[in-house]
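There are two complexes below, and they share chain A, which is joined by chain B in the first and by chain C in the second.
Now for the complex of A and B:
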């Protein structure tokens, strides 16, 4: 968790640095009066690095992935709920009363 | 629906609570969430929380939910005194509540005074004719008295208004199965599969009904639904695996005279048998010989 957070922050920093460098580069181009066609190669590399780090952090930091397959061990339905709305009290449990003397104390 | 993880969690909590390890409130919440019927345990542990003033007051407003849960559990265990006390406490707190009115009528039901309960439900329905829970209680009451045909009538009438209620469809299907009216039960299960296509147990029940009905066409459909159950459970459902084997041998028996060779069917059967053998070897090695003889007789009879 901690590691992922640090890596994510690092990735964000790198992204910000890339943005800053691009702005600086454009400023430079304005002085030399050249056309802007794209950021320089090292900035592109930096961008990809930041993206990768952010990706990794975003996928690890929030927690584990849960399965969405209906047949996976987590989602496999093994029994239906008892149909409690239609529950009847007229069953053989009547013949076996609970032996404890349960009482609700006020 | 109760999934595998929830089931293991429930069993773990139940063990823990039974051995005095605490966590009674979590257990009761889980029981409520999963809608399982563990009345005796709910009664015992719920009462111990309710009788402990400190624990009870720490629940806040959940206290009243617990009173209701314990009251119903007490009715199920025929501890009518406890149920009565709980309803009284709830009535004192919620003077005008319909929900408590339903609880009181259920108490009458548990006592066996059907006419009084019927009267109470009728008056509750006059106030609110669209109360689903009360309609369902009336069906259950008819069933408890043994008037199955009345229960079926009421359920059908109820389902005309509330068609999306899958619990009612399931109840109707189970009643029909208990009366051996398989065609009607099959219709109900079709409805259930339509509303909840990812629940393998409905596929399984539908396949069971079709297999019981018999006939070549029904058997073939049953096999398909057993296969879809296997698909949805990842091959962990033993009943569906047995169903495949039984269906295939029944189909080959029916089509014996004809030259049509169903290659795919026998392949499916041998696969299912293999999985069954593997499963038995892992979980119940001492029953393996019985299984192999049963499977052998199925393939020999074809």
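Now for the complex of A and C:
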């Protein structure tokens, strides 16, 4: 998650730098009075690199897909605590209330 | 998952055929769709900036967007480890959802980047 965000930011920075280079190139063309047919080759490479980094970040950053099958491995473990019918409060854990107090004080 | 998210009967075993398609976990599906929208929106914005810097005009830019979305779909399918049906109820969810919404942000950032780089 953190890594993907950093990679995405890096890709954005590269894109901004490519934009800046293109602006400078346009300024140069204005002086030499030539027509603009496309950004220079190294800027195209830079754009492609930035796009690639952002592509990877966009696919990785939002998290993992979760299986929708009710019988799959992931859903079996999660489904028991999520079901309120299976919550039990009348167990031997209530014999140790001290630890709860300690947590609350800290 | 037991309870309100179960649409069909779950008495049959996993590899049992027809009923398997009817039962799925809607909560996880929502989360998967959110991930897809997130990826597509972010990539349309990035694609718009790239198309603007490259100086694409009219049809070229839209072709670029279609190509980008096709590659994104491929990436999402690869992210689902090429088994779409264990994460989504139909393959259209991966291939088409979020396409038009992404087009809007693409055009916005395309014109924005084009104006900044080429006009001003």
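Going forward, the second predicted complex is superposed on the first by the 65 of 106 C-alpha atoms of A that agree within 3 Å, B and C clash if a C-alpha of one lies under 4 Å from a C-alpha of the other, contacts with A are read in each partner's own complex, and residues count from 1 in each chain.
We take it that a contact is a pair of C-beta atoms (placed from the backbone, for glycine too) under 8 Å apart; a residue touches a chain by one contact, two chains touch by 3 or more.
Computed from a prediction, not measured in an experiment: that's the story for all the values here.
In the overlay built on the shared chain, the residue A:4 is in contact with neither chain B nor chain C.
In the superposition on chain A, A:44 makes contact with chain C only, while chain B stays out of contact range. Of the two partner chains placed by superposition, chain B and chain C are both touched by A:83. Of the two partner chains, chain C is the only one touched by A:62; chain B is not. In the superposition on chain A, A:72 makes contact with both chain B and chain C. Contact with chain B, but none with chain C, is seen for A:93 once the two complexes are overlaid on the shared chain.
Residue overlap on chain A between the chain B contacts of one complex and the chain C contacts of the other covers 69-72, 75, 78-79, 82-83.
Interface residues of chain B, counted against chain A in their complex, comprise 1-5, 7, 34-37, 39-40, 43-44, 47, 50-51, 72, 74-79, 81-82, 85-86, 89, 106, 109-110, 112, 133, 136-137, 139-141, 143-145, 167, 170-171, 174, 198-201, 231-236.
Taken together, the chain A residues at the contact with chain B in this complex read 69-90, 93-94, 97-98, 100, 102-106. Listed in rising order, the residues of chain A touching chain C in the complex are 8, 11-12, 15, 18-19, 22-23, 26, 36, 38-39, 43-44, 47, 50-51, 54-55, 57-59, 61-63, 65-72, 75, 78-79, 82-83.
Of all residues in chain C, those touching chain A in their complex are 1-3, 6, 10, 14, 20, 23-26, 28-29, 31-32, 34-35, 38-39, 42-43, 46-47, 49-50, 53-55, 71-72, 75-76, 79-80, 86-89, 113, 116-118.
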